[in-house]
Amino acid sequence: MTRALHTLGAIAERFGLELRGDPALDVDGVDTLAQAGPTRIAFLANPRYRAQLAGAGAAAVVLRAADADACPRACLVAPDPYVAFAKIAALFERGPAADPGVHPSAIVASTARVEVGASIGPCCVVEDGAVVEAGAVLGPHCVVGRDCRVGAHSRLVARVTLVQDVRLGKRVLVHPGAVLGADGFGIAFEHDHWIKVPQLGGVVVGDDCEIGANTTIDRGALGDTVLEEDVRLDNQIQIAHNVRIGAHSALAGCAAVAGSATIGRYCLIGGGAGILGHLSLADRVTVTAMSLVTHSIREPGEYSSGTPIQPNRQWRRNAARFKHLDEIARRVGAAHKEPES
Amino acid sequence: MTRALHTLGAIAERFGLELRGDPALDVDGVDTLAQAGPTRIAFLANPRYRAQLAGAGAAAVVLRAADADACPRACLVAPDPYVAFAKIAALFERGPAADPGVHPSAIVASTARVEVGASIGPCCVVEDGAVVEAGAVLGPHCVVGRDCRVGAHSRLVARVTLVQDVRLGKRVLVHPGAVLGADGFGIAFEHDHWIKVPQLGGVVVGDDCEIGANTTIDRGALGDTVLEEDVRLDNQIQIAHNVRIGAHSALAGCAAVAGSATIGRYCLIGGGAGILGHLSLADRVTVTAMSLVTHSIREPGEYSSGTPIQPNRQWRRNAARFKHLDEIARRVGAAHKEPES
Amino acid sequence: MTRALHTLGAIAERFGLELRGDPALDVDGVDTLAQAGPTRIAFLANPRYRAQLAGAGAAAVVLRAADADACPRACLVAPDPYVAFAKIAALFERGPAADPGVHPSAIVASTARVEVGASIGPCCVVEDGAVVEAGAVLGPHCVVGRDCRVGAHSRLVARVTLVQDVRLGKRVLVHPGAVLGADGFGIAFEHDHWIKVPQLGGVVVGDDCEIGANTTIDRGALGDTVLEEDVRLDNQIQIAHNVRIGAHSALAGCAAVAGSATIGRYCLIGGGAGILGHLSLADRVTVTAMSLVTHSIREPGEYSSGTPIQPNRQWRRNAARFKHLDEIARRVGAAHKEPES
């Protein structure tokens, strides 16, 4: 495979960056500051790596103006080097090797519609009433269930399952193993056993969302589960029925949101964090990793729960005391405070 | 597609509900109290939505007798409106579009048995010695491994993998991405490396169980991993080898149960909760979300661990103090209490 | 199916165990101490099961020398009975029913290479530039993406997805639903929306690793995500981009490791534990279940966070006090301690 080649000058011009160095220099890829060789572009965004700058071997380094003087190589000066680097790196990314059309091993229902330019990979199944819009790419082993829609230029990387009534916007990227539109967890207790509460809603995913590997988003019970545009979900996240996530929010791996919770716009939910059902989070709320949100949060800001990591012997002594913390508090005269829920 | 139509009178009679209103009125679906239009049935179970009753536009509302006078529309009076609604909603649910027989793209071993009326979907693989009983439905991309059994009228929605020696009862529902019968995590340390402990048992799932998307249930090391009847598992749950879960217990998303733990009947395990290996939980134990159970629980009741969510600045100060809680306790004269494990 | 038969004498000789009993006795399998009948071998490793020894019905029991006198049956004496039992059990394990060659339903790119003796199962997809080495076994529905390599005698049990640039060593075992090589979670915030940071690295998995069902291991952003040899991952684990896990470390189910974290050799990470990004853990660090590691750990040993499980009513009172723990500490004269991060 031949690699793409770009000159530093062309890159600077394309992304509006100031170049300090030879504009005719060819580069063929990107790499870390520590590893990049003379045909690669590196970047410096996190100050903890500044010490690596002196030894940089890259063709050029994307960095802030304040770091440029310390750089022994060409510089591409950017106000946000990480953003600029992301755009430059995309020049060298290999797209999916997707031929337009339907692979002969795929099974497409006669009532489904696959638009011109869409690509349906090996062993895909597209069921009744489904639509795959122009430019969408389905990798191998995807299932697009009844009445689902895959928006234009969206990509299901491989082995993605859209169960039923799932509508993806444009440029949505879904990673392998994700399941969208499975039944929500609706059960009602009758006398001595459970009965299933039918799950009749769908899933709506806005434009430019990304959904990680093995993440699950359940269909609504009544009405839809909704991700607004530009929501970013990492791997192994669980989104229950009738959750709504506001635009531009991002959830890290293994986070879980229980049924009918509403998350605002521009929220950041840490890895493994949990949000109980029927709660609301305001816009711009950050929840740190593995915290559990047990009540609605009305103000933007950062929220946490949990205790610090310690050597186990110390932790055991402290944890044992936690079981008597109310008594300890009473002894120190804090007894007038009512327990809060 | 034409929708099912039912009269209010027929619904009331079918489910033994008291109807206050016109029995001849046709309805064609269900919806939320806030959204339902004049051909839909809604319900009021949670008191927090009672204020919506005055503005209800539904054909009829399923509710308790005490709420009937406040309802401006027809009423279907039920002692448990949520249970009654679940049954009514099922009338309008679309079943899987499953034709009996084996899809031409499916691969069924010659020693496997597919009973009359079962449906094997596209790209399914049914291996040696497997049995799919009458009326069972396998959606696309399911694997039924060696010597597995899918009980009558069970349904594997899509892309479910039964690895080996997995026996499902009747009317079991398994959602996409679930993996049953993978090897348990059995490793033994020899000098300086791990050796694998063979996993030789199976998985037994009782009648009427439901298993969520991307949930995993490992085969036993020796003997089986067991779910008794009517166990309800949400998405992304991990059930390790040789766990036993009693009938009618329900586990919410992302819960995890370690090897050889035993959970009683009618237990409720909250989302993200963990149960360590070799423990026993009595019947009717409730564990709240993201709690960790580190010892057996012999009495029914509700159990919790963790700390409350707080603004991060406050939390940091408190969490830092937790590291010295034993010393704090000693200072206040609680030093006579032994640390507990 | 006929079962394998072995004599006790042959087993003792093969694994260097002392036999006390009849070497000519045939055995046809293994079972638990409580269940094993007269043709099965059982074992006693955990002292909590010693009481079962008197009633043992097994052909022979694998145990420590100190327990031999109390055993009413033949004994196979081993310094580590669990290790010895694991090896004996492997004699009776059924291997995958894998015929060498490519199943007619599999789709193998013309530029891929499948070596002699490898087995490619039903509906597998092997993409451009991929290599499946000799003796490797791919069960049904596996995807081996572009430029991936499956090392000799490795096994993808079923429905495993290697997205791109994933290189597995020899004798690697991967369980169903695992996804290796999906994009890491790289996003950069530009003004008012996210842009994707291209993920250009791969995944390298050393010899003799095992990877559990529905576990995810993301490709590196730049450079690779690496598991050294003999790393053991349970189910539903999330390994983010550019993580490095040292040889012989084992992670229990639902653990999660954030981006660029480094875990040493011989570490043990408990179920549901979390490790934040860019941290380092020394060799031989143990983290207990559901603990969150928020700073690097430089010393071997056991580490924990969290609070103990309690009846909910007691817990609520204590948890409410945690919100004021800093104030409580100040009152008892611990105010001179600075909060720690």
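So that you can tell them apart, the chains are marked A, B and C in the order they are listed, and the count of residues begins at 1 in each.
Rule of thumb we're sticking to: contacts are C-beta pairs under 8 Å (C-beta built on N, C-alpha and C of every residue); 3 or more make two chains touch, one makes a residue touch a chain.
Just so we're clear, the structure is a prediction, and the values are computed from it rather than from any experiment.
The rotation relating chain A to chain C, fitted on Cα atoms, amounts to 120°, rounded to the nearest 5. Counting the residue numbers that touch the partner chain, chain A and chain B have less than half of them in common.
With centres taken as mean Cα positions, chain B sits 25 Å from chain A. Each of the following residues of chain B touches two or more other chains: 105, 123, 141, 159, 177, 214, 236, 254, 272, 290, 306-308, 310, 316, 320, 322-325, 328, 332, 340. Interface residues of chain C, counted against chain B in their complex, comprise 29-32, 35, 80, 82-83, 85-87, 89-90, 92-93, 97, 103, 105, 121-123, 139-141, 157-159, 173, 175-177, 208, 210, 212-214, 230, 232, 234-236, 248, 250, 252-254, 271-272, 289-290, 306-313, 315-316, 319-320, 322-326, 328-329, 332-334, 337-341.
If you check the complex, the residues on chain A that touch chain B are 105, 107, 123, 125, 127-128, 141, 143, 145-146, 159, 161, 163, 177, 179, 182-183, 185-190, 192-198, 200, 214, 216, 218, 222-223, 236, 238, 240, 254, 256, 258, 272, 274, 276, 286-288, 290-295, 297, 301-308, 310, 314, 316-318, 320-325, 327-328, 331-332, 340.
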